[in-house]
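The same chain A turns up in both complexes below, where it pairs with chain B and then with chain C.
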Partner chain A sequence: MSLARETFKEITIYDWVLLVVLVLVSISGSFLVRGIASTGDTVRIEVGGKLIYRLSLSEERTVEVRGPAGITRVEVKGGRVRVADSPCPNKLCVRQGWTERGAIICLPNRVVVTIGGDAEGGVDAVSG
Partner chain B sequence: MQKAEWMQSRDRLRIAILAAYAIGLHGLERMIPAPLPWLRFGLANIITLTALMLYGLRVALTITLIRVLLVSLLTGSFLGPGFVLSLGGGVASTLLMGLASALLSSLFSAVGISLIGSMAHNLTQLTLAYLLFIRRMEPILFVTPLILLLGIITGMVNGMASGLLLKKLKGDSPEVKAAAGRES
Partner chain C sequence: MPEQQGEGMKGRGLKRLLIVLLAVTLTFSSLSCSPKKERMFKRSEFLLDTIVTITVVAGSEKEAGDAMDKAFEEIRRLGGLLDFFSPESEISAINRNAGITPVAVSPETLDLLERASEVSAGSNGAFDITVGAVVSLYDFHRKVRPPDSLIRERLPLVNFRDLILDRSRGTAFLRRKGMTVDAGGIAKGYAADRAVEVLKSAGISAALVAVAGDIRAYGSKPGGKPWLVGIRDPRGSGLDDIIATIPLRDMAVSTSGDYERFFIEDGKRIHHLIDPKTGHPAGGVMSVTVVGPLAVYTDSLATAVFISGIEKGLKTAEAFGYDALMIDASGGIHMTDALKGRIAMLPRAKENGRR
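Moving on, here comes the complex of A and B:
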């Protein structure tokens, strides 16, 4: 369709520059956070910023926490963690599946599961 | 006086029609299962951007507010966390796109403006999520690059869709414009 081609031609050089800059920034950013993404043996489960559980990744366990939307079930197994069940509408946290580094966030139920980053105040200094 | 009134009611009609399109697209998007958990297409932004380019910031901002409010009432998420994020992201991206199209329209086409809007939307939502709900920097930082990268893709696609729509509308007379709007 020629209208589509014309529209494509209307994209300016500055659009392309902006696109390339943004892609570079976010890709280098992803490497950056991968570098700082904590790996460790602890799993912190927080609801609304309050620490509810501190578990070990090497210990198989299932716990339930209550948030504003209901009960979220978190499962730790084989050095990984997942949200097994959540009352939130979009289930992003459940669909993220088994995770071994970084974090799982469930916004509607205010649940944050963080792996590692428990090095005695190290992370708290960052988040403080 | 009479002319001013006529202008005003014409603006209201535009706002009503475009807000209805935005809500329709938003609803359509909710029905499509997202291929990636964090991917949001932001199709309603096509309407916001088109309205911004054609009728200015006031009309675009009104459409955004109507859409966020009505969608939250329809889905029962009014005043919930999703609503706060939608409102913040929507208003911030509309304002920034307005600023960009006012100051930088000689540099950027609809695609560039759309990219700027997408960045504003995502960064505002991440900041709000941090301030209001999560309160921990690390998990937010961890998802930020992925969300921005996905935002670049959707911003690009939406910007091209908006550019196509603008081209189509501008190529036609006002009467045909209205008809083309009704068809699509």
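Moving on, here comes the complex of A and C:
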């Protein structure tokens, strides 16, 4: 008897039930996370840690920011954001395409586009 | 024999399934165990001539809103008692009756003035609750710096020892006419502390109260993370420009800097942090951040530490059991030993020296 057949023989109906339950759990889990993750309404565009633009996600707009590598063009449209053009070599940011939540980061040009509610650069308040 | 083996395997399979199902059920019930999912709620209002932002962790919008209403109301009430410019405030009543008669004040005003006197004495007058007689000569909007002769004339009216507080009678009295108390350097911190007390008694388990840059935190964010407070870069472009971050649980933090109210005259920065002994802006420091349990102390100590200068300043903070981060005039970073490792300096801070 081969090892594969041995292993297969050990799988019982209960293992199949377990598999189905786990699949259901992981699917519902991903829905839960979607519910928790904020669908913020502002777009922040930072270059080298400095805030350049704070835009509304609901307003259609195209802006250009200058980073160390050149000009990055950011488009906001229909509640989504994308980097339309970038001077960086690998164009990962452009390839990320239209994004609804989270961030688009272009390391070579130091451009960070964050989509979120009222994130003040990740801190809860500023003393100063 | 082979059949028996099969039976045994089925039994194991059932057991395994039951254990895993139990584990899954437990995981889910623990997730929903907190009866309502705790979330963060944030609201800002313009009070005390500045912006006050309260963030609370609560199970529902209503619970958060009710508690925040009470906290904002408390800050508004304190503003009414402590406003230097409002003739109806208790502070104005004390100032009007300087050299005339003791004035009966509320327990809150008395409490604040007692703490102010404590910091005035403990900092050897670097913070002085009566400095208003001289500071009021400056007009930072219109870029007016008073002549030295006028400063010298007013200086004798600055002395915190001439503020007489009587706990048993509940009165405050300035000994000499022309003296003033100005709670501006301590009221914001005091208000943050009071707001926290109100939120606590409203049943809120965690919150962050920011009265401009005077911030008091308690509890943790949902998920158990501490509150994260950024410290402004004194030569940055705005509030978004921070040089450091510090995680806080049950702690307060305040920052005083030469960038808040100032103008430049003959290349010299004339800012609002006036040394009560000279009547001139204190030199040598760009900004001071003080960290410790109560905002009433971090607020007033930030001024005291700034005016004391680097060496004395750090000692003053430590004498109160508080910590301080100081940025000197050339951008150098100094801090009390206990703060090292707790504060995360951002890379940009290194560039400050060159600005």
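Here are some notes:
Just so we're on the same page, the second predicted complex is superposed on the first by the 79 of 128 C-alpha atoms of A that agree within 3 Å, B and C clash if a C-alpha of one lies under 4 Å from a C-alpha of the other, contacts with A are read in each partner's own complex, and residues count from 1 in each chain.
Please note the rule applied: a residue touches a chain if its C-beta (ideal position, glycine included) is under 8 Å from a C-beta of that chain, and two chains touch if they have at least 3 such contacts.
Since we're looking at a predicted model, the values are computed, not measured.
Looking at the shared chain after the overlay, A:Arg95 reaches chain B, while chain C stays out of its contact range.
In the superposed pair of complexes, A:Asp15 makes contact with chain B and with chain C alike.
When the two complexes are overlaid, the chain among chain B and chain C that reaches more residues of chain A is B. By the touch criterion stated above, A:Val23 is placed in contact with chain B alone, chain C being left untouched.
Of the two partner chains placed around the shared chain by superposition, chain B is the only one that A:Glu6 touches, whereas chain C remains out of contact. Once the two complexes are laid over each other on the shared chain, residue contacts for A:Leu51 go to chain C alone; chain B is not touched. By the touch criterion stated above, A:Arg110 is placed in contact with chain B alone, chain C being left untouched. Contacts of chain A with chain B, set against its contacts with chain C after fitting on chain A, overlap at residues 10, 12, 14-15, 18, 22, 25, 49, 123, 126-127.
Touching chain B in their complex are the following residues of chain A: 3-4, 6-8, 10-12, 14-15, 18-19, 22-23, 25-27, 29-30, 32-33, 36-38, 46, 48-49, 89, 92, 95-96, 102-105, 107-108, 110, 112, 114, 117, 123, 126-127.
By the touch criterion stated above, chain C contacts chain A in their complex at residues 9-10, 13-14, 16-17, 20-21, 24, 42, 53, 55, 208, 210, 213-215, 217, 221, 227-234, 237-242, 245, 253-255, 257, 287, 289, 346, 348. Those residues of chain A that touch chain C in the shared complex are 10, 12-15, 17-18, 21-22, 25, 49-51, 118, 120-128.
By the touch criterion stated above, chain B contacts chain A in their complex at residues 37-38, 77, 80-82, 85, 104, 107-112, 115-116, 119, 129, 133-146, 148-149, 152, 156, 159-160, 163-164, 167-168.
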